[in-house]
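Paired with chain B in one complex and with chain C in the other, chain A is shared by the two complexes that follow.
Entry: the complex of A and B
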């Protein structure tokens, strides 16, 4: 199986805007891309995971200004149903060119909606830019709360950033403290639906990006579709991104491939396991 | 000696209906019955006990051409029953939605009506599918007008078919300034196209009316002087939108309305004795076929002041603008004349719309079972929904839909026309037969039907 999906180019990159990088998760790729596309008229709004009602709970929103896009920076390790507002974006907001960011599953939902638009009238021809983000697994809000507040012993209100990397779950506070726990203890909090996911690097995005493979403060970027390629080239030409060849950075694509293979192999096994879950019967497999 | 001819099914209108016509030796209709043979779905009965929020969403599914009318009339009836006043901006969004739907509906009917008509000054009938001019330009214009109507409806109403945005108490959301600008641009684009389309269609209809003869299939018939005339009255509650029992001065009166069964209005059992295998396309019903309009009609017959009435664009024009063009073509011309009104109203409503305004009433009462009604001026005429809501649940729900009003009126208007042109008269009413056939007669009339069935 092709672990990294189809792509035209792969680079390490980061935004050239220090304003964006100030509180972006990694290289500020998604934020920078949407702000650039908005200003260039490539999109007229973007679906992002905006701030929610509770601390670190994301809320899908249709952002039509750079300020709103900036407000959605940073990874929130719990569920944000971004596809839920896709109709709203072309109805209430009247958008013609929609940008959307999402995890691999949300990119799949988007592409499925484009090919089989059940109840998706007048939506699918208006998708202008789909930004995929790498995703190993996700958590429910309660799970994240448990991990941060109980295991990391950090109050969600003072949390500045969370990160999963180097085998650990990291929590940084506003006042400078850092705590980390081994990923092993977070496993039971994972969303069970993530265990049948066979996509790590958002194979269905126009452009996919994530932290793995590049140094801190940088992102690994896969440019996949023709549409993505055109926009990416324009953006790089306009100087909004700093770009390095992926084989010039450490740890590079090898690590990405390794993690993708791990995720896919593990979840394949889970699928096979579910097929024989009962006695002479199994659970449903959405891939067949 | 009169003969009976039956056209079943009729075409180029919404739904399933047929014509049972008694004609004289010259083929002129002496008495015509136009009846619905669409199966009754009975939503008025199945809505009982459901929530007031659900019932209008069900009644929307009565029809996919004018779902806006049923959604808005249904919600309006619920709001009238519980006594809920909606905010101004919700009203404006509904008004925009209403006009957008009317715009698309008129354009759609143009496609259905055109194949009966001639290119003015020629003997060529109009085929909207042809790639030849001048028809191609007209067809493209119709497509674009419909597209604009549906897009405006989609943004203001959530969906162009079965709008999701309206709810009891107002709307689910207001629109963004960007969306408002988009609607404004679309309305501006459509306005000159709509006026050009109206002028074209009216030239075509006036030309048809002045013709000496008309060819249907292989037969050429004389065009009657009073084509599609009737002596029934007109009923309309507003030139554009609606009236409801919440209004200070309601324009419709439930006390003047009565309902009878098809039994009291239609012909009895008869047998087809005239057949034309060349009637396009596929011929008429075979000689010997039994027809029984009284029993086969799937609508009830609503009466206003004891008589069937005409509703629709002409009824609105007659009631509010002193329109005086009678007959089938008068009906068509009145419909075309509503084109610009739709767009001017959308533009005015957008000017007045505040994108930051609240669109949901602060308080939504649950209802005490009192009767409320809302009459929506649907593309095809007055669509009255009556409801009783108690504790948030529907106790009674009744729909009096435009084409239901028009069925008996149109049947009368058939008299004096050659039977080959009966469908042209029917189409002038822009019938929506599935709209008309949504009902069960639920009061004492039900017993009458049961008795007749036993006989």
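Entry: the complex of A and C
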């Protein structure tokens, strides 16, 4: 299996806007890309994980202004069903050119919807820019609450940022404290459906991005589709990104490949295990 | 053009909304009819009175067991069509006709309705109430490539159609009820440890019976009309890396086929 998917270029990059970088998760690639695309008329709105009704609970929303896109910055380590508003984005919001950000599984959902649209009339030909984000696993809201509040001892209301990296789960508070726990502790809280996931770096995004491979404050970016390539080139030309060759940064692509291989190998084993879970019977495999 | 396939629309107990969806490919329908398919039967659109031989039959609606003519017609369709497609939720899964139970004038005895796969073998399912114009177009182009294309095109069409054929095969099993319901999301996805909370099911439901609560689908089963959209759109019902991973080429090929002049 191709661990990193098809791509045209891979670089390390970050937004040139200090305003965006102020609270983006990594290099602000997603936020910058959407704001640039909105201003250039490449999209007329984007589906993002906006602020929800509880602290750190994302709410899928259709953002049509730079302010709304900015408000969705940062990773929420719990489920944001971004695909749920895809029909709404062209109906209620009347978008013709839809941007959408999502985890690898959400990019899969999107491409399946484009090839086999069901209950998606006149939606799937309006997808103008799909931004995939790398993803090792996700958590339910309750899991995240338990990890942050019970294990990291941080109140969700005072949480500024969470991050997974270097084998640890990190929680940063608004008043500057840092708390970390070994990732091992978080394993039991993972969303079970993530254990059959065979994609780490959002192989089906037009452009996909994550933190792994690049230094802090920078992002690793894969430019994948022809559409993604066109938009990326224009954005770089317009000066909204600072770009470095991926082999000039540490730890670089080797680490990305290593983590992707680990994820996919582990989850392929899980699929094999599921196939023989019972006595002479097993669980369903969706990958036909 | 003799190289076209022949296509028919067979109207059983349906609402003609599936037929409208065929027409809602707008200019695409003309391209289809100009280049790839002759519409040889459709009571709504063509003055041909009896079901002729055809390559592909798009069957809309379920079958009333108390209406002999309709049973005869579905059997004739199977005899005369090379490929039978259940078009839309009613034909594939019964959909709203699942709730029929007779007792209305002028045929109070017309009470039992079954998806067509209860009476004949079906080759391809196109779920949805209404089915999407885009997927009807995709299936029509793929059927053309399957029947008239070169080896590479046949291979592509087979891979594309495989999951829709698998749904039909499932429905056509003698012991199957060809049932669809919001419950599928529970039984076949969440209960199987496969749901990852993407929300596609909620977007695809035509009656907003699905809401996402803390990242998981919650199904209001009183609202559900049993159309099968949620399960078939779920990326954890069926997913082919080969086909979906090649989305750029496939969508490009379909767009090119629908735009032969290149304008």
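Descriptive notes on the structure:
What we mean here is this: the second predicted complex is superposed on the first by the 288 of 288 C-alpha atoms of A that agree within 3 Å, B and C clash if a C-alpha of one lies under 4 Å from a C-alpha of the other, contacts with A are read in each partner's own complex, and residues count from 1 in each chain.
Just so we're on the same page, contacts are C-beta pairs under 8 Å (C-beta built on N, C-alpha and C of every residue); 3 or more make two chains touch, one makes a residue touch a chain.
These numbers come from a predicted model, not from an experiment.
Touch criterion met: A:64 reaches chain B, while chain C stays clear of it.
By the touch criterion defined above, A:109 reaches chain C but does not reach chain B. Contacts of A:198 after superposition: chain C is touched, whereas chain B is not reached. Of the two partner chains placed around the shared chain by superposition, neither chain B nor chain C is touched by A:151.
Touch criterion not met for A:8: it reaches neither chain B nor chain C. Among chain B and chain C, the chain that touches a larger number of residues in chain A is C. Of the two partner chains placed by the overlay, only chain C lies in contact with A:118; chain B stays clear of it.
When the shared chain is aligned, no partner comes close enough to touch A:244: not chain B, not chain C. Of the two partner chains, neither chain B nor chain C is touched by A:168. In the superposition on chain A, A:284 makes contact with chain C only, while chain B stays out of contact range.
Shared interface residues of chain A (contacting chain B in one complex, chain C in the other): 87-88, 121-122. On chain A, the positions that touch chain B within their shared complex are 44-45, 64, 87-88, 90-96, 121-122. Put simply, chain A touches chain C in their complex at residues 5-6, 60, 78-88, 102, 105-106, 108-109, 111-125, 138, 140-142, 191-198, 203-204, 225-226, 274, 283-284, 286-288. On the side of chain B, the complex with chain A involves touching residues 151, 154-155, 158-161, 165, 173-176, 178-183. Taken together, the chain C residues at the contact with chain A in this complex read 21, 24, 127-135, 138, 160, 162-164, 166, 188, 192-200, 202-206, 212, 214-216, 227, 229-230, 232-241, 243-245, 247-248, 250-251.
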